[in-house]
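Note that the chains take the letters A, B, C, D and E in the order they are written out, and that residue 1 is the start of every chain.
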Amino acid sequence: MDFGYPVLTVLIAFPMVAACGLFFLRAPQVVRMYTFAVSILELLLAIPLMNFQLNAEFQFVEQIDWVHQWGLQYYLGVDGISLLMVLLTIAILPLCVMCSWTYIGKRVKEFHFCLLFMTSSVLGVFCSLDLVLFYVFWEAMLIPMYLLIAVWGGDDRKYASLKFFLYTLAGSTLLLAAIVAFRITGGTFAIPDLMQMNFSFRFQFWAFLAMALAFAIKVPMFPFHTWLPAAHVQAPSAGSVILAAVLLKMGTYGFLRFCLPLTPAASAYFAPMMIAISLVSIIYGGAIALGQSDIKKLIAYSSVGHMGFVTLGIFLFNMRGVEGALFQMLNHGIVTGALFMMIGAVYERSHSREISDNMGLGKYMPAFMFFWGLMALSSLGFPGTNGFVGEILVFVGAFQENTWIGFLCVPGALLAAAYMFRVSLKMAWGKPTTASKWRDLNAREWVYLALPAVFVFWIGLAPTPFFNIVDPSINKLLNDFDKRKVAHLEAEQPMQTAANDILSVLADKK
Amino acid sequence: MVFSWLHFAMILFLLAGLLFACGPLILAALFAPKARGGDIGMPYECGMVPYGSSWARWGVSYYVYALIFLAFDVDVLYLFPVSTAYTDAAGWIPFVKVFIFLSFLILSVVYFWAKGVFTWPRRIQ
Amino acid sequence: MSHITLIVPELYFLLLVVALMIQSCGTREWKPDVEKWLPFGAGLGFFVSIVAYGSQGYLFWDVYKVDMMSQFFKIVIAFGFYVVVLNASRKKTISDEKRTDYYMLLGFSTFGLMLLASCVELITIYLALELASYSMYAIIPLRAKSKGAAEAGVKYILFGAVATALALYGLSYIMASQHTTYIAELAGKNWHFADNPMAVAGLCLFLGGMFFKLALFPFHFWCPDVYQGASNETAAFVATMPKMGAIVVLVRMATFLKPGLEVTTLLAVLGACSMTFGNLSALVQTDLKRLLGFSSVAHAGYIMVGLVSGTPEGLAAAAFYALAYLVMNLLVFWIISRVAVDGRNLKLHDLNGLYKKAPVLAFSLAAGAFALVGLPPTMGFMGKFFLITSAWGHGYNWLVIVLVLNSALAIYYYLGLFRHAFTEDTASDSSPVPDNGWFASAGAGMLAAAVLLAGIIPAPLFNFAVAAGKSLFGIVAVGGGH
Amino acid sequence: MNAFLQHLIPLVIGAIGAMVWLGLNALVLVYCERKFAGHIQRRPGPFEVGPHGILQPLIDGLKLMGKQLLTPDNSDAILFWMAPILSMIPVLLLFMPIPYGPSVIGMKVNLGLLLILAFSSFNGLAVILAGWASNNKWGVLGAARAVAQTVAYEIPLLLVVLTISFMTGTLDLSEITAQQSGHIGNWFIWKQPLAFIIFIVAMFGETNRAPFDLAEAESELTAGFHTEYSSMGFGLFFMAEYGYMVVISSVCAVLFLGGFHGPIPGIDGWWWMLLKTYALLSFMIWVRWTYPRVRFDQLLNINWKWLLPLATANLLATALLIKL
Amino acid sequence: MSALTLYQIVALILLCAGLFGLTQRRSLVGMLICVELMLNGAGLSMVAAAQLTEFNAVLGQLGTLFVMGLAAAEATIVLAIVVVVARRFGSARTSDITTLKE
């Protein structure tokens, strides 16, 4: 699999290098063209990834010493789980460029710089196999996202951007502590090596909590979700697209990549809690979405619900559940991304995100409504679309695990149908206000909506290639997990251990 | 060790000094008249009624001289231990060290001189 | 005298100071412009100290030790001086005839700090520290007719004098109970409170003197006031250089701070208080320098994290963080000095719209601010990362947790810098027009590049630091410096 | 117990001797000063009390004792009265380490010079206390001047003293005297002429004597720092001043003029010391009535621009010569 | 009570007097005097510590000598700054010198 050059490094570095080139350009139109070209080139650079072998190994591995004394490595690689995410990220980039072609009017250069920088760091997150490297990319992504919201966002952007930044950073600082703890206990930062180790339950307990907090905020799971609606509503449409399609996935990816393999016993111990929270997220997200009058907010809350399905699937610990979670991640990226792009498109026409200002589009913008309807159906899991594949797998997994969990999911799915139909019906057949003068989709919009639509059908109707990619990795993950999840769980009283730990720290302080 | 005859002698002589100072004072207090009242306790300004406070604002030069002194006095202090050991120390290194030390002292005088500290009257900003 | 080659960097700086002094004594007519040659002189000093990095040995009855650690800090200090001189060379706040004296005092302080980097005996440390401090006391009020500067100066020196007195008092207790003042010998002594209360009390007091320089929690009062009162250029010096001196001493003394000792715990507690207090106070500041003042209190706390572990790695991490701190702060102060072209104190809102007025400065400010937060891929992150990695697992895990929580806390106000510079457009009319010349941009750009580069490729510097840390413990450095 | 007494008795004798010596000197010097002044100004000076007015000082003292001890209003009474006492207390101690004869010495102290220099500084403190506490314009001004001046002249004085001690390697006055034994050529005045001159000049500055008597400066400041003092308060300052004069003359005699050694070997004795001290004192009195007073800035600049660099250079040269 | 303890108690009294004065004094010069008091306490403690234990006595005296020198230098600078303060504020009382606040 040697291509004579480091594939992943080039993938990660290319957007960043190209972003620096932006400084030499002036005219906004040139900047857009340039960035678009860069994103297409990035797609082309991803072609070698087609050579991915369908097994559970990490592939395209690159390993160089970074800070030798400290055991830091520049360690990249992808397996089935991350490959999909990488592809998703790369594919989203040109769509983002296209959907902000006219949407972004000011500081165009900086905007595209942020987009490219963002892509680089997100790719880094999905590719890195060294904990610190992971963390570096994880944090690096914050700054461009912050800027996307804070500079190009809506009226309340200051509050939203700050909230986004503080929430995510607060979560990730503990992640750093956990990373360091892994290094001291396990002796290395390399994730594949750490996956082979058995840590004491006490250690896992705390490490899991620290990591889970960071990931849960990112996902976002129920009590930590409040930054998401604010950020989504205020962000420009490209920002929302990236946020929904890629950033949220980083949280669930974190669960899959770190929590399950590194702290299996703690994951098993906390699974009921996580499942409960996921269920709450699903129902809560759906219920709140149902009451929204702002389309973007509605989709944002629907994201909370969808991501609840993902975390639910992950913490079911069975093949179907995790598969479903992965698919749901992918689907959510495609579908919600597309929905946000469409909201952007309609916002450019109506300058409002209220449902009441965007009604009756079925007559004047049929093409738009077609895509909207398709994505809405996919979002609620209509059979034949990709959403169905993901959701049904999670359902199956849930019923496998416990019937009650399965039953509790059902209202979530129903709620999704309810709010999606509600908004779609109003948008299609409501009493039009000013829609009559609007032009239907132009060519550019056709392109960037058609592409997700293709994937909606592809995954919905023929998901086999995707299964082939992810299955080996998931199998390995679950096997490992099953082997190691019982580490001394019974021997120790977890909550008591935790209490003792806290007390001893307090005693130390005195 | 803690208390030597030198200490004792010093205290003795200081006490003698105290006696020598207080004796005449006490005698004077016994002999002297004790007048009161009038302007007897008025500050002496050659017979005029005092005008204003006795606290005048001095030129800043006074302060500057005081500051230089503070620095110099203690620096010279360092030479005392050196002086007792200088003749016994062999070789040129002691001289070099004394030279360095003293040249810094001279350098500082030159610095003050060049900065116009010794120019009087002067308004230092 | 036979080893005079060991102290070439120190001698060079002494020479520089003497040259400045001669110039400052000269008549007005004769005087060449000091800014024309001094930057080159300072740059050469940096170069000289880099060249001298490999020297090792003892001088002056073993009170003066030239080793890896001292050379590391000498390079750092020389670099700091270079940047400070460059930064100050465009200052407007001091009249022409006082500039040479100003640089002379700066140079003298730097010279003292260089000496401090090598001292391994407590009395000598004290002397070098005072040598470095006095010139600094004198430069703080040097800000044309500013009331605040005078106030800052007097506060700094009075608190400084008290701290010194306490440190000396502690020194006398150490003398009385441990019978030596050499750090190498002290390292072998018993520092348990139960066995030797007087020594521990003395050590705490002595460390207090260092904490004052470092602006650690209970000794931090002066810090925000001095930053705010002193001129921007002076603040750049005060904020960075003396801390290097304090850190090198603490790093040397940390060789006998084994984890579990009362002193070590005290250090950890103070560190925790310092970061929490500094960050909380910084949250509400609007004056930029005052904000940085509180932030440096917090950073002093971070450095404690490296010291408490008592391992070579910990000390190396502290040293590395010191370097990072220096570069980050110099960067931010560079930008402050360039933005405040008339030498005023900047408020946060004075930064509004900086990205438009001076993009390079704005970008560098972003790099600096995020480095101070500890966001990757900057030097600040690497420094913080090394700190917590070194400290984890040595009994002070809670301190590490406090540190990471504080980093999250700190984000808010550092983000404020960034936010004002990048996202706020509404610049008030009174905001200064930043200096956008090639000099300002190049300096900021280079410092920002240093911050980023050292964050992406920290290995060479860090290896040097680790070798230095190991040399303190007598472990032979293997392949250090590369 | 016996050893104890052996130590104690000489000390007590020394203390009493010092008191007597100081008292006598005050009387004699007052008389001398007035007589000298008179003759220099071509008038007889005191002539009424006793033959040639020889009892005049005694009567003056009695008169002072009969005056009221006035404490001015608005003054700080405690500090006001502490000042003259403080000025007097250390004077006796200063005589302790000075060898007036081979056996006429209070106590042999190995750091005698340092002791004298240290305790003589009390005078400055007393002066400033006096000026400050009396809350009088002349007083405050005089005190400020006195302090600026005495402290300034202390430095060249120290440097000169150091020169001698660099040569001798000791700070013990007896030891220094011993090194000048033999004939007149061994006196340090020949080896250190510059130092001697500096010492003499600094001596005037230190004791606030004309032409450097800016602190009192009758014509400008009435009486300077002791303007408000009457009766014995004034008397104490007066006595202390003469005491300091005697001390510094004695020290000068010891350092430069061979102490109690005669010009030729074999005739050493306390009389030589007495002679030298009084020669120096007479010189001081002579200068006072001969030379005009300098201006204050001149006074300080003589010190800082001339005496100090010269003294430093002299010390450096001495150090070099010793090594050669 | 050993001689060392005695000296140290005296030194401690000096130190505490200085600290107490520092908090009580309302003028900068007064504060300076208090600081000097503290420094002298430290010097005394140092010389006693060196003299009365097995520590090298000469070193202790030397250290104290340094303390004295540096105390003088410190006083010089403080006074110089106080002069500056007095010229800029027209007062040397601590209550008047409060321009720096958040």
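Please note the rule applied: contacts are C-beta pairs under 8 Å (C-beta built on N, C-alpha and C of every residue); 3 or more make two chains touch, one makes a residue touch a chain.
Keep in mind that what you see is a predicted model, and the values were worked out from it rather than measured.
Participant: Through how few touching steps can chain A be joined to chain B?
Facilitator: So the least number of steps between the two chains is 2.
Participant: By that same contact rule, can you tell me which chains touch chain B and chain C alike?
Facilitator: For chain B paired with chain C, the chains in contact with each are E, in label order.
Participant: List every chain that touches both chain B and chain D.
Facilitator: Chains in contact with chain B as well as chain D: not a single one.
Participant: Grab the C-alpha centre of each chain and report whichever is closest to the global C-alpha centre.
Facilitator: The chain sitting closest to the overall C-alpha centre is C.
Participant: Top contact pair of chains, counted by C-beta pairs?
Facilitator: B-D
Participant: Please report how many Å separate the Cα centroid of chain C from that of chain E, as a whole number.
Facilitator: Centre separation, chain C to chain E: 26 Å.
Participant: Give, as an integer number of Å, the spacing between the C-alpha centres of chain E and chain A.
Facilitator: 63
Participant: If you average the Cα atoms of chain A and of chain D to get two centres, how far apart are those centres in Å?
Facilitator: The mean C-alpha positions of chain A and chain D differ by 93 Å.
Participant: Taking each chain's centre as its mean C-alpha position, how far apart are chain A and chain C in Å?
Facilitator: Distance between chain centres: 41 Å.
Participant: Which positions in chain B are in touch with at least two other chains?
Facilitator: Expected reply: 66, 73, 77.
Participant: For chain E, which residues are shared contacts with two or more other chains?
Facilitator: In chain E, 52, 62, 73, 80 touch at least two other chains.
Participant: Would you please name all pairs of chains that touch?
Facilitator: Chains touch in the following pairs: A-C, B-C, B-D, B-E, C-E.
Participant: Show me the residue ranges of chain B that touch chain E in the complex, using the header's touch definition.
Facilitator: Counting only chain B, the residues touching chain E are 1-2, 60, 63, 66-67, 70-71, 73-75, 77-78, 81.
Participant: Applying the document's contact rule, which stretches of chain C touch chain B when the two form their complex?
Facilitator: Residues of chain C touching chain B: 1, 21, 24-26.
Participant: Enumerate the contact residues on chain E facing chain C in the complex.
Facilitator: Within the complex, chain E contacts chain C at residues 4, 8, 11, 15, 18-19, 22, 28, 31-32, 35, 38-39, 41-43, 45-46, 48-50, 52-55, 59-60, 62-63, 66-67, 70, 73-74, 77-78, 80-82, 84-85, 88-89, 97-100, 102.
Participant: With touch defined as at the start, can you tell me which chain D residues reach chain B in the complex?
Facilitator: Within the complex, chain D touches chain B at residues 7, 11-12, 14-16, 18-19, 22-23, 64-74, 81, 84-85, 88-93, 95-96, 106-107, 109, 114-115, 134-141, 144, 147-148, 151-152, 154-155, 158-159, 162, 165-171, 222, 227-228, 231-233, 235-236, 297, 300-301, 304-305, 308-309, 312-313, 315-316, 319-320, 322-323.
Participant: Quick check: in the complex, which residue numbers of chain C touch chain A?
Facilitator: 265, 269, 313, 355, 366, 370, 375-377, 381-382, 385-386, 388-389, 392-393, 395, 397-398, 400-401, 404-405, 407-408, 411-412, 415, 419, 422-423, 458-459, 462-463, 466
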